Amino acid sequence: MEIVSLKLVVIVAEAVLEHQLVSDLNRLGARGHTLVRAEGEGQRGMRVGGLEGGNIRLETIVSGEVADKIMTRLASRYFENYAIIAYQSDVGVVRGNKYV
Amino acid sequence: MEIVSLKLVVIVAEAVLEHQLVSDLNRLGARGHTLVRAEGEGQRGMRVGGLEGGNIRLETIVSGEVADKIMTRLASRYFENYAIIAYQSDVGVVRGNKYV
Amino acid sequence: MEIVSLKLVVIVAEAVLEHQLVSDLNRLGARGHTLVRAEGEGQRGMRVGGLEGGNIRLETIVSGEVADKIMTRLASRYFENYAIIAYQSDVGVVRGNKYV
Amino acid sequence: METLELIRLNLLSPMVLAFVLGILATLVRSDLTIPPAMYTALSIYLLLAIGLKGGAALAQTPLTEFWRPALATLLLGSAIPLWSYVVLRRIGKIDIANAAALAAHYGSVSAVTFIATQAFLNGAGVTFEGYTPTLVALLEVPAIIIALLIAHLNLPNEQEPEENSLRRALHEILSGKSILLLLGGVVIGLLSGPAGLELVAPLFVEPFEGALTLFLLELGMVASRRFGDVRKAGFFLLGFGIVMPVLHGVIGVFLGYVTGMSAGGSTILGVLAASASYIAAPAAVRLALPQASPSLYLTASLAITFPFNLIVGIPLYYAVAQRIFGG
Amino acid sequence: METLELIRLNLLSPMVLAFVLGILATLVRSDLTIPPAMYTALSIYLLLAIGLKGGAALAQTPLTEFWRPALATLLLGSAIPLWSYVVLRRIGKIDIANAAALAAHYGSVSAVTFIATQAFLNGAGVTFEGYTPTLVALLEVPAIIIALLIAHLNLPNEQEPEENSLRRALHEILSGKSILLLLGGVVIGLLSGPAGLELVAPLFVEPFEGALTLFLLELGMVASRRFGDVRKAGFFLLGFGIVMPVLHGVIGVFLGYVTGMSAGGSTILGVLAASASYIAAPAAVRLALPQASPSLYLTASLAITFPFNLIVGIPLYYAVAQRIFGG
Amino acid sequence: METLELIRLNLLSPMVLAFVLGILATLVRSDLTIPPAMYTALSIYLLLAIGLKGGAALAQTPLTEFWRPALATLLLGSAIPLWSYVVLRRIGKIDIANAAALAAHYGSVSAVTFIATQAFLNGAGVTFEGYTPTLVALLEVPAIIIALLIAHLNLPNEQEPEENSLRRALHEILSGKSILLLLGGVVIGLLSGPAGLELVAPLFVEPFEGALTLFLLELGMVASRRFGDVRKAGFFLLGFGIVMPVLHGVIGVFLGYVTGMSAGGSTILGVLAASASYIAAPAAVRLALPQASPSLYLTASLAITFPFNLIVGIPLYYAVAQRIFGG
């Protein structure tokens, strides 16, 4: 089993951003993503589901380069005004070329 | 994009602990958390939602120091009697000072 | 707090595989798992919940050896024909012997 | 006196009491939570049900009756955001983005307030025009677009939202689920007629008040979580959130009277004008005016104006209608 | 003979059969699952509905009728955990934490068993007092508090739960959603009266038995998943989970008779005494007595006592009431 | 002419219009989404409701009436996958796995198409046999097993699925929730009889058409998302997905006539034969024939055959029944 090292980028953001974030990911080169409905609390207060929509937790596996682009885009476009965080970490996958 | 290295602590626990765990996190210095409803299986049997409440999956980004405190607290207070696991890993974030 | 290093294996797959994947994990030596309902998009198109069932996101903490076995099994059995991805990463846990 | 009696009766309806129970649940920090899926299911149900009933009624309405109130509705939807913006900027000294955001909310409409009014009028045995759900759909959109345009024209360039987020917000408004379900319901009700409605009445007509009761339980909890922000929002916004609805309500009732609606229908037009959006507008504003603060506009709409209308406003506007029609 | 006939009739109701179907679904390892949101929606609905009906009935009850049964209920809620604890410790040789945990469950009450009893009595054409939902709320809390105090007094210091988890457990019990919805429903029913109830009856009254059917389908699946643990729990607990309910049921019926309730009402008081909690008590006990094992108390309450009461107990306690009131 | 009128009437029912609304919602990329929990709740409800009604009716059916149609159903379930497979291989030039997968889907049955037919017949005032839900359960399974066997026999060894995934697929089919709820409902209805059904009718009978309306809204959205794949699937599959249902529908109606069913019952047998599975079959096929492409079989079943049957097929097969029974 040859394990290739890639980046996992995780974004937690208010649900209203779902379509914008997904289209940003696609545009910047992500080949897929996984989305989970979430709740949370941070600087912008408590966020639960229902009327206020809660949060989404988006994760995508990408090359280091694409990960950088995503982080840059998020910082410039969303960090100031939206409830959102993002982090990246190293992961190992099998079919390396599936993600780049 | 300056990436700062921090700790991600993930806790999976029976849902009844939700409020206690969140207030522990806050008290120990976490500046936010993200929560997802989960199912699971471990030593204490299968846990699904509905009447029995299932599990929650809590994640929080913190400094290494706070991560240690959280792990210590979980071990002393919950590990013995509750269905719960916790793990930590290294992640990179952009706005380092948001989390500490 | 002594932190032991182990592998976290995350599998995102179409929901119909739930029982098969869980029994594979158990057979290969995983001592537990956590499951979350998810949506996603990849090579095999968009996957949302409802009639089509969406995805599941399974995570399990295991030894490096078991992680290898799981990756090998997934690659040989599921990667070709199913909507599925898997990745692994290093995590630190407290009760190391709980997971192996 | 009569108005007080109407308020008392309204307050003692299961729907309004459930709203109060929701508030209490949050105050005592109960573990009661309405699952998001249940909230969504209820809102789909309520919107579709309202549309269906309206459509079936519309099937029996001559078009000549309809165009005047429709025009009045569009007029309200265009005028309210304009003067609200001016009041917020001049008197409230609120910045451009937040003033535009609030104007969008008060110019648009709250479907649930409308639904509660229907239940109130039904309870009081007052009839109203069947096309009123169509008015809701007409009132929802224009104010949001106008308010976003105001922001667009007044904001300095570097603060302006990205082009494509404006487009996205517009798409969000026009294809949003509240409009889709309302209008979709109206068309289904229109095409399948009273016979079609009868077929689905055991789900979409009879249990309606009960479903509204459950929905208001959740709304009470949501509103209550925002009560803390009312203090932060300040006295001006508290006043704005009560005075403007009363003003809009009276204007709405009057316009209903002028355009030939019944007392019940005029009450509804008053409520529509008085109510502030908290579904369509927040979603669009969040995308197109991210610098505006939800803890201002959501708090005003959800924690001030909605409870006020639900408890005091609805019977009040009806009392106004009685006065106007009576004399 | 008559009792057997009652059991047969009860067993053949759609509600009980749905419970059996749920058991079967788990046994054949079907992929049927009730989504958690649906479970929660049903439980909110059932609790609120029961409260509403009870409240509307209470609006027509003189208080003089109510206080004796209320007192009897409080008596039951205080006495049952005490003697249950003693039995569990002395005869069952069960450790302090688990004995206290079980005492909390059997002293408290199962709302669904109560609801099923209402359906049973309605089906049999037997009337009962409208204030019975209030008794459920009264019975839910005291036993849990008493049992936790017993544990507190008897456990060696180092095994005692943290102070703050006791406080949290107490808060959990008093602001828990079952009490909130039950009492909230009662107050809404009381304030809005029969007219208010009529407004929401198509949702909260008529489809009630159907909703209970769906809920019992889920409960059957949950109970069935615990059947494997019954063997592990041992013979004593199996006996305890059947004998104590019968004992409590008879005492409850008798207390109902003595305090002036009708035969139907006495049956209900019997069922309340006989039933074991599996919502409020487990949550509180889990927080305050973490060392107690859910596979003992939940198994006893959910996989032994609940099915027993649902299938045999309810008709049995009614037969007892008939006997007492008959002669 | 009469057939066209029937199609028109069918098309203007709230149920079919809701399906169209769902299609529209996807086309305008609305943010409307039915939460998965709501979808699951509705499907549990519909299946159980159908079973309950069927069972209560079966309680009054002599067995002698039932065995002929049951046999005809099993015959259909065995023959349709065989000839469908041949057509797909020979005329369609489709590979073994995909041909077998499609054969499984068209040989099995769509419960919702059945449910919509009941609503259609009820609307038209046509009666039908109460045991028809049992026929649905009978028809669901055999075709899937036969088609998987065909694949098993024809696929080269290295392409064959693992032993244990075949076993798992079989288990999935037999314990699948659609069969469990349908048959479970039938048994509950049978045992609790008309009196039991009456008890739960306000939930399981009266709001049925309304619930179906909501369900078809979701199905419209799902089908619509697959319309893009229809082009990829090609002309042959489009033709297959329309011609085969008509053929099967006519055969089904005829077999109903021959085995002594009423015109309504024969229409239902026609619809059952004509409909293609999209719940049980996809799940089983996905596990046992992973190399078959869901974008062929799901698209054919969900985006071609289901809308065709819902809008044109149901009234068409009824018109055929009228013709056969009329002359």
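Residue numbering begins at 1 within each chain, and the chains themselves are lettered A, B, C, D, E and F in the order written.
Keep this in mind: a contact is a pair of C-beta atoms (placed from the backbone, for glycine too) under 8 Å apart; a residue touches a chain by one contact, two chains touch by 3 or more.
Bear in mind the structure is a predicted one, so any value in this text is a computation, not a measurement.
K.L.:
What's the overlap between the neighbours of chain C and those of chain F?
P.N.:
A chain counts here if it touches both chain C and chain F, and no chain qualifies.
K.L.:
Identify the chains in contact with chain D as well as chain F, in label order.
P.N.:
E
K.L.:
In terms of C-beta pairs in contact, which of A-D and E-F ranks higher?
P.N.:
Answer to which pair has more contacts is E-F.
K.L.:
Take the average of all CA coordinates in chain B, do the same for chain E, and state the distance between these two points in whole angstrom.
P.N.:
Measuring from centre to centre gives 34 Å for this pair.
K.L.:
So how far apart, in whole Å, are chain B and chain C when each is placed at the average of its C-alpha atoms?
P.N.:
19
K.L.:
Between chain B and chain D, tell me the centre distance in angstrom, where each centre is the average of that chain's C-alpha atoms.
P.N.:
Comparing mean C-alpha positions, chain D is 40 Å from chain B.
K.L.:
Considering chain F alone, which of its residues make contact with at least two other chains?
P.N.:
Counting only residues that touch two or more other chains, chain F contributes 33-38, 41, 202, 207, 283.
K.L.:
Note the residues in chain C that touch 2 or more other chains, in rising order.
P.N.:
Answer for chain C, listing residues that touch two or more other chains: 36-37, 89.
K.L.:
Could you list each pair of chains that touch one another?
P.N.:
Between chains, contact exists in these pairs: A-B, A-C, A-D, B-C, B-E, C-F, D-E, D-F, E-F.
K.L.:
Could you pull out which chain B residues touch chain E in their complex?
P.N.:
Residues 14, 16, 19-20, 37, 45-46, 48-52, 54, 77, 80-82.
K.L.:
In their shared complex, at which residues does chain D touch chain A?
P.N.:
33-36, 39, 162, 165, 168, 218-219, 222, 225, 278-279, 283, 286-287, 290-291, 295, 298
K.L.:
Show me the residue ranges of chain E that touch chain F in the complex, using the header's touch definition.
P.N.:
12-14, 17-18, 21, 24-25, 28-38, 41, 119, 123, 202, 206-207, 209-211, 213-214, 217
K.L.:
For a test of understanding, state which residues of chain D touch chain F in their complex under the given definition.
P.N.:
Listed in rising order, the residues are 35-38, 40-41, 44-45, 48, 52, 171-172, 174-177, 180-181, 184, 187-189, 191-193, 196-197, 199-204, 207, 283.
K.L.:
In their complex, what parts of chain A are in touch with chain C?
P.N.:
Its residues touching chain C are 1, 3, 6, 8, 22, 31-36, 61, 89-95, 98.
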